[in-house]
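Worksheet for the structure shown next.
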Amino acid sequence: MKIGLVGFGNTGKAVASVLLKHENFELKWVLRKSSKQENRYVSDILEIDSDNRACVFSLHNNKIEQLLDEHPVDIIIDFSSEKGIYSYGKAAAERQIKIISAVSHYEEREVAYLKKLGKISTVFWSPNITLGVNYLIFAAKVLKSIAPFVDIEIVEEHFKQKHGVSGTAIKIAESLGMKKTKINSVRAGGIVGKHQVIFGFKYQTIRLIHESISREAFGNGAVFVAENLINKEKGFYQYEDIFKPYLTNKI
Amino acid sequence: MKIGLVGFGNTGKAVASVLLKHENFELKWVLRKSSKQENRYVSDILEIDSDNRACVFSLHNNKIEQLLDEHPVDIIIDFSSEKGIYSYGKAAAERQIKIISAVSHYEEREVAYLKKLGKISTVFWSPNITLGVNYLIFAAKVLKSIAPFVDIEIVEEHFKQKHGVSGTAIKIAESLGMKKTKINSVRAGGIVGKHQVIFGFKYQTIRLIHESISREAFGNGAVFVAENLINKEKGFYQYEDIFKPYLTNKI
Amino acid sequence: MKIGLVGFGNTGKAVASVLLKHENFELKWVLRKSSKQENRYVSDILEIDSDNRACVFSLHNNKIEQLLDEHPVDIIIDFSSEKGIYSYGKAAAERQIKIISAVSHYEEREVAYLKKLGKISTVFWSPNITLGVNYLIFAAKVLKSIAPFVDIEIVEEHFKQKHGVSGTAIKIAESLGMKKTKINSVRAGGIVGKHQVIFGFKYQTIRLIHESISREAFGNGAVFVAENLINKEKGFYQYEDIFKPYLTNKI
Amino acid sequence: MKIGLVGFGNTGKAVASVLLKHENFELKWVLRKSSKQENRYVSDILEIDSDNRACVFSLHNNKIEQLLDEHPVDIIIDFSSEKGIYSYGKAAAERQIKIISAVSHYEEREVAYLKKLGKISTVFWSPNITLGVNYLIFAAKVLKSIAPFVDIEIVEEHFKQKHGVSGTAIKIAESLGMKKTKINSVRAGGIVGKHQVIFGFKYQTIRLIHESISREAFGNGAVFVAENLINKEKGFYQYEDIFKPYLTNKI
């Protein structure tokens, strides 16, 4: 599968490194806003020993239609920012390129745009594309539906410098219909990221815990989604649509 | 719903205390092997302030058919031992009484017998009837099916005197197709019971943890099963059959 | 060692049950405010199989000097409430009876009174007398002194009904010179009590965790203190005074 | 303080990066066995933006006495291997250079040699120089001495590929006089390193947990030791000698 990557910040780089090492995926290019490192090999920039010849292209200096025609891909993975989708969305969907967006924050307008693109191609969005966090949300919702009156609290832990409540924790809380006041935020040292959902019953406690080790988890999440979109028809998908077949087929 | 309870050991007593305090259930009698405390009110024995007049009956001094006819119940909950089912199973099933067995260890012969009873009434069995442990197994199986190659390990912790590997941990391992050697058993002080399933991905870790606070969790588990069996036709059911509708309806 | 116990609430009863089962201690009497169960054997009230003949006495119907002279003890353990100390303190200290107070909340006036009693007998006070919580505070202070700039946060978890921030968590925070805003309080189901101190360094994290299993931990804490006060001269002691010799002698 | 670093493997590099960023320390040179990258600036190799001009020297091409005389340092930090100490030990000690060895495995012969060097200079050794692990061992020993009969178990978790039981876990077990069979080893995914000591009392549990985030923790550990050796006379020191003053002065 040929992949185009949009966005080349810290997370974009970690995702590129995962793609370069994956045997079922071929990174064809990286598209970024700035013209830094333009036309250099991605493998050189990341100091990864690889024959891959994907280059960095800048949005400033390239016409997207021409790029997509000269360097065709099957899937575009987007780790850029809120407005990134407008730069390639229409051109990609029209060429039946599948779109996987892992952008954290969209306004309603962008979500509506993604859904519109889903009418002509296969479009996926997750604000946190790691498998672990999405599984956590899914498993928590299952338990909440089984035991609607259970007490639930969230504890999230991150490095000292992280400002505000974790967006992922807020997403978990929203999924469970919880107030944000039930989120406890610990800030200490260099903790990469830990999310814990505590379910308190009268005589027993259940805890679902996700711990991040490094940013590459986003790359593996994108790969997991890409593999599960292969046979998906056009439409707008989220993580639960990916999980459902595993439940009905295998459990 | 009228309940008959078979078995009155430590767990049976904890279950009885939960039933006595529950507003949707009426405990009608307790049936036990020995004749200790026979004919005393269960509420008196457990020192629970209640108008409930359920008595303890002994298997030695009562004919089961007569008991079921004179003190009819909707459901029998069984916390006795392996052979307990033979003392009441046929008589109960013939009277369309639902059977919930929470006996930990059955040989194949007993499981076959339960399935046979399931052809004439509604029969349920779980070797650990707590909601938490069964949810843990269910959620772990879901994750295993989503990510079949993830590394899995189990850590179980119990009080110092507990001999051998926890039966619940073995059940979890079997459900996940794991070797028993992947179970780590900690024995220290008075830990009531903790089961942890660790899923190790390259860049993230997920943990599912169940902690028992007290034996009454078994009572609440039996109550949860009883409520979910109300509209179930005759048949042999296990916990997954109880969970399934929550997935298809609500997720 | 002969023990008198002041206070017979839920915790007092748990402490009495630990004392009744301990081979080095002989419970001589329980003194309580109310006259409920007066003159009954403590072992009968607690349904503990024992030859111990300690009775319950009421403060209403007994003169403390007479009680101490007719039923002499070596140590008084106090699990009553704030003003309890005034009912027996002077009479006990004058008879060289050691005093161990485990009362949670004292005003300055009571602490001053305890210190005054410490001039004539051996007097000890801890607002949470469990070994575990005091060790936690001690170990946390050691780490804070080694690494004064480390980030510290506290997470405490208790049953849903518990109001306000845990007093023990506040004590831990004060010991570490932390603001109370660094305490995260989780309230869910029937969690007995868990206190976690998280030390965040840039490249590593240390966690000290105390989990309560049951109220009897207070009894064992009182026993530990009693054993360590045997050879202590008159004076006012706290837990750190008990811990110190273990450091200088054995480490 | 001027520092010479011996050893430039993965951990050595992480340590160098910590030293380059630390304001109280000046890295003067790195000494390694091989001649790879010889004479290059350490800051260039590690891509750290710094004015520091420390170079890599090879043991093959340099005489140690000449190196120490031409590029004098106050402290040598050794992250090389077992035999590394022989290449610089005598020359360094004779010049009153303090030696901090963080080599994991030494035979008795090397430990004896370190002690001998301790007669002419200040020499320190820790097989795991992180502050966290040493604090864990120290705090665990304190608790063991306070409560000698408590049940203790160790759980260590590491990445799937790690062979054998963690050396740090074995060190912890030895410090507590425990059998190695009490160590539970979890191997899953990419867990960096987690060591947990569980103390089980009858009615309460205490857990001491150390989690590694990255290798740089070794660098910070070396820095902590260096700062605490400044005023230490000649002699052979270990971590406990560093911790002791914090106890006697501040607690």
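Order of writing sets the labels: A, B, C and D. Residues in every chain begin at 1.
Everything that follows uses one rule, which is that a contact is a pair of C-beta atoms (placed from the backbone, for glycine too) under 8 Å apart; a residue touches a chain by one contact, two chains touch by 3 or more.
Computed from a predicted structure; not experimentally measured.
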item: Set of chains adjacent to chain A and to chain B; value: C, D
item: Type of chain A:chain C copy interface by residue overlap (half), same or different; value: same
item: Chain centre separation in whole Å, for chain C relative to chain A (CA means); value: 51
item: Where chain B and chain C are represented by their mean Cα positions, the distance between them in whole Å; value: 38
item: For chain C, residues contacting two or more additional chains; value: 189-191, 201-205, 213-214
item: Of all residues in chain A, those that touch chain D in their complex; value: 189-192, 213-214
item: Chain A partner contacts - residues on chain C that touch it in the complex; value: 150-153, 155, 157, 159-160, 184-191, 198-205
item: Complex interface listing, chain C residues touching chain D; value: 130-132, 135-136, 138-139, 141-143, 145-147, 201-217, 219-220, 224, 240, 243-244, 246-251
